[in-house]
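In what comes next, chain A is part of two complexes: it sits with chain B in the first one and with chain C in the second one.
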Partner chain A sequence: MSDQAVSTEGTALIGGAERRSARSLGALFLPLLAAAALLAPVPLWLGDSRVLMGVALLGLAFACYTIGFNLIFGSTGQLFLCVGALAGIGGYGAVLLADRQGVPLLVSILLATVAAGLVGGLLSWIAVRRSLGVIFTGIITLIFALAFQNLLLGRGDLTGGESGLRIQSGSDSFLGDRILSYYAMLTLVLLFLLVHGLLRRSHFGWGFRALRDDEVAAELTGVNVARYRVIAALVGGAMLGLAGAVYAFSRGRISPSTFAFAQVDVVVLVMLAFGGIGTLLGPILGAIVFTIIDELLVELGQLRLVALGALILVLFLWVPRGIIPSLGSVFRKDH
Partner chain B sequence: MIYGLGGALNLAYGQMAVMSAMVVLFAMDAGVPALPAVGLGLLTGALLGLVLDLTIFRPVYRRQGEARVLLSLLLTLGLAFVVDGFLTWRIPFRGLTLNIGGGPIDILGVPMRRGSLLASAITILAFALLFAFFRTTALGRAVRSVIEDEQGARLVGVDPRRMLRLILIMSGFLAAIVAVTRAMVTPVTVTLGFEITVFALIVTVVGGLGSFPGALLAGVILGIVNSIAASYIGTFLSLIILLAAAGITILLRPSGLLGVRE
Partner chain C sequence: MPTLELRDVGKSYGGLPAVDGVSIGADDGEILAIVGPNGAGKSTLLKLIVGLEPATKGTIVFDGEDLTNYPPHRIRQRGIALVQQTPRAFPSMNVLENVALAALFGRANAHRDEEKALARAGEALEFVGLADRRFDHVGNLNLHQQRFLALARAVAGDPRVLLLDEVMAGLNDAELATSISIVRAIRDLRHITVIWVEHVMKAVMSLAERVVVLNFGKVLTQGLPQDVMRDPAVVEAYLGETSQSA
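The block that comes next holds the complex of A and B.
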């Protein structure tokens, strides 16, 4: 009976949320400050443990990835399934430049960031030019991600193959220190949130929203859909590359699985969908919650995958729109 | 390989295939002869499709368009994790191999393994039957109408929900066929699910979403590209070439080789 009913909530899963968001600058900075205040003291009680700081760092890296992905997918509806690959371009690019070519650390990070941004923009440009739909964009980028992964494995002479690389450079800089690198990563998270928040408030935000809600109408009213999409992918790709590079240097070693589809994209998708697609704070909430859950599940050993999958199933059967939009509709006051 | 029909993606497709293969494996362990065991496996595949339809695809089909794609993607991803995790936990090193006896047969001077030949024959037969079903029977046409335009199908008296259910059942059945034919060539292990899914995804998209001759053509072309590249260049580059070929095809013809432009 109920499965006969086809509702018209076409955009229920995407967006719908935070339409009232960020009218004043305070509304933008308050959540940022809250996130900073929440995450800044973490090293105080985890700082002694190498393992737990590693987990915290990974969590922040994922927060960065998810914000970047949110900008590309949540804001402009381009399903990029190459988050790991773009981060990998940043990570491997910066490491190879710094270790093999002797490029200074910050310059190599910058170059790798630019490269990842350009690749993201290029993929988006192709998708826009060929007017690929969600599924096709997803598959093209998935193909790109798999090809990149194979390139990493295949060029073992450069990338160290499956076992990966030990990174020499950077260990003597601030990224070699695990507390400082945590704060470097946290700075990135806040910076990305700020950039995304500012973008949403600018005329870009209106463009994004218009094209997400109704692409044709947006186009007709003079919104340059193609330009907005490519710009979002450029900025988002650069974010992913930057986060990947900084994470690589802080961790000290990388392998293809650091940026693999199953290790990055899947997790990012879950984090974002959990937090709420298209919301400003959804990515960071999703990243925190899922990092903690994942760490708790480690004790389950091999059953961890089962538990994670079951969790995903229950979660999306129960709150398909994500936590923030659902909470928003519960406390319909202000959020 | 039916895939992505009805506006939803099934990322647990490979896992359906693997589960069917495991049923065949256990049936054969229990002393069931190979042929009935395979039959049981195919039945399992169809049944899995039905179960999927009755459970996690219910909320999926209640949505439209992009939201439907996304929800199906997330839910089947979760399911794929559960299945993968469970299988690697309980039976990590099992794999299904179906040995077809006899030595290689020469066809036009090229030695072919009997297993591969039988596998190709079964695949082609399955495709022919599917094609006939979709072209000639009223039910097949009804299913196609739902794929093309759900609202329109409803208006002319076709119940989309039942057709979507049929699609999933057939998809499960085909996944089981994929598993069985693959087991004739290489062992189907519990970790193969993701690979099968990705390959099916690429083939479908290259061939054209919802186009059966297209899927067959794409499967054959990509298979040839893969084996040529693998024998002339290294294996790692061959995969990249395969992916590049798929990518270029999609870029040149976004609706697929034989897909219909919207």
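The block that comes next holds the complex of A and C.
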């Protein structure tokens, strides 16, 4: 291999950027097919266990959340600490529309998805208009997440308060079946990966990379940084809302803790950092690995969180950029 | 009518004027140099033109359109590009991709055609002599090459006006000669108006067709380089010191 070819490959993998020769449709669909092939047989192994299928469903929901968060944070540097809240808008919104207002299931999911997307876009627009940096964006979105939690608890007449809601709608649909709901959630994971992959291949991908590298230089090069950020938040917010809604109907019960900051955002951050921020497959890898680890550690009881924390510490010291970029580095060294 | 015209443009920081009522214009295809001592407001003036800083007074008119306080990306898409003294490259992209980005979002590529952008980037790298480095990481380029990369990025976006902010500072004689020939070629072959802030007077005298002298944010004088050089006030206040250092 010539020196030039080596350097091409080297630079092209930096920051999750794809090598130009690898930007074909095949290069996009191959990882999707691999993910589908890996995850599709899961019900064959776990289908008899309601508990383990519930864990698998939760893992896929977290994969969806992490992909949505990766689009917003990994691609455009907006630290949205309201992943759970946006998913909650989707979950609670769809459930309330379907159960209380009698809106058809799919329409309620669609409306809740749009609402979550619009809220995500609005938060981004505020951050862009006020020129908020990463930290202040994190603070205002965290405040939003806490306010959303308080709203759920405060409007107990609608939301069921702390004990939450038992969902009636959808129980007689495919989402009421644990196998079919698993495949519905898996379809969402693949759809979200496809959307993110297509965005990365388009001029959005170029714009995202540029603004992530140097926002001012991107503007001076003609990239409308504000527009790209708001679009990423709109799409990412809609992903979170849709995943939250589908997960709610699949699970049959939701409560404020289903979408709480500690239960969702912290886990999603860890999954993404582990898999690789800004990479296409990092979110799904992080979600799969941490769901399995979390389940394996169940027998430790209260020590589970301690063991999990120690494991995270070791992993971050060992692979600070995440697994996917680290594997990319190893691959480049080998070639 | 000038291609780019600044009418009574001003910028103050905390009440202190950095640029104070500057009115100048650059004609189509002209190479206009802006000189003056440190703190005269030269770089601030360029930042006002490209929208990096909002003007506190006056208007900036380009091809008859008032661009005052437009965001930088809109100004770039209208056809005004800036090359800064310390080039800002995109570290996640190789040399070719850095330039292709500018071509993708530039004036002539409204449809964001990636193939077209990459082809145009290749041409721009050829133009500045970096074609053989196209697959290198930008961190492997020295300062001189990074400035050429920035020039290639500017040219790839198909600008009508090119703003250069002290791009020849710190170059040796050979690098200076190459830089001068590239800037001249940009103007001659692509008919781009060049507005150029510079301290290296040797380069200014060799390349500029007109010189504007700024002092304390105001225009002190303007005219042909040799006339400005002979102006006793200019020589006394600025050029005596800078021509020695150049």
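Methods note: the second predicted complex is superposed on the first by the 310 of 335 C-alpha atoms of A that agree within 3 Å, B and C clash if a C-alpha of one lies under 4 Å from a C-alpha of the other, contacts with A are read in each partner's own complex, and residues count from 1 in each chain.
Quick note on the criterion: a residue touches a chain if its C-beta (ideal position, glycine included) is under 8 Å from a C-beta of that chain, and two chains touch if they have at least 3 such contacts.
Note that this is a predicted model, so its numbers are computed, not measured.
In the superposition on chain A, A:V319 makes contact with neither chain B nor chain C.
Of the two partner chains, chain C is the only one that A:R209 touches; chain B does not reach it. In the superposition on chain A, A:L96 makes contact with neither chain B nor chain C.
Of the two partner chains, chain B is the only one touched by A:L269; chain C is not. When both complexes are overlaid on chain A, the residue A:V114 reaches neither chain B nor chain C.
In the superposed model, B is the one of chain B and chain C that contacts more residues of chain A. Of the two partner chains, chain C is the only one that A:A217 touches; chain B does not reach it.
Once the two complexes are overlaid on chain A, the chain A residues touched by chain B in the first and by chain C in the second are 4-5, 7-8, 10-12, 14. Every residue of chain C that touches chain A in the complex is listed here, in rising order: 50, 52, 71-74, 76-77, 81-82, 88-94, 97, 100-102, 104-107, 112, 114, 118, 135-137, 140, 153, 157. Every residue of chain B that touches chain A in the complex is listed here, in rising order: 4, 9, 56, 58-59, 61-67, 69-71, 73-75, 77-86, 88-89, 150, 159-161, 194, 198, 201-202, 205, 209, 234, 236-237, 239-240, 243-244, 246-247, 250-251, 254. Remark: chain A residues 2-14, 77, 126, 130-132, 134-136, 139-140, 142-144, 146-147, 150-151, 153-154, 262, 266, 269-270, 273, 277, 302-313, 315-317, 320 touch chain B in the complex. Residues 4-5, 7-8, 10-12, 14-17, 20, 202-203, 206-207, 209-210, 212-214, 216-226 of chain A touch chain C in their complex.
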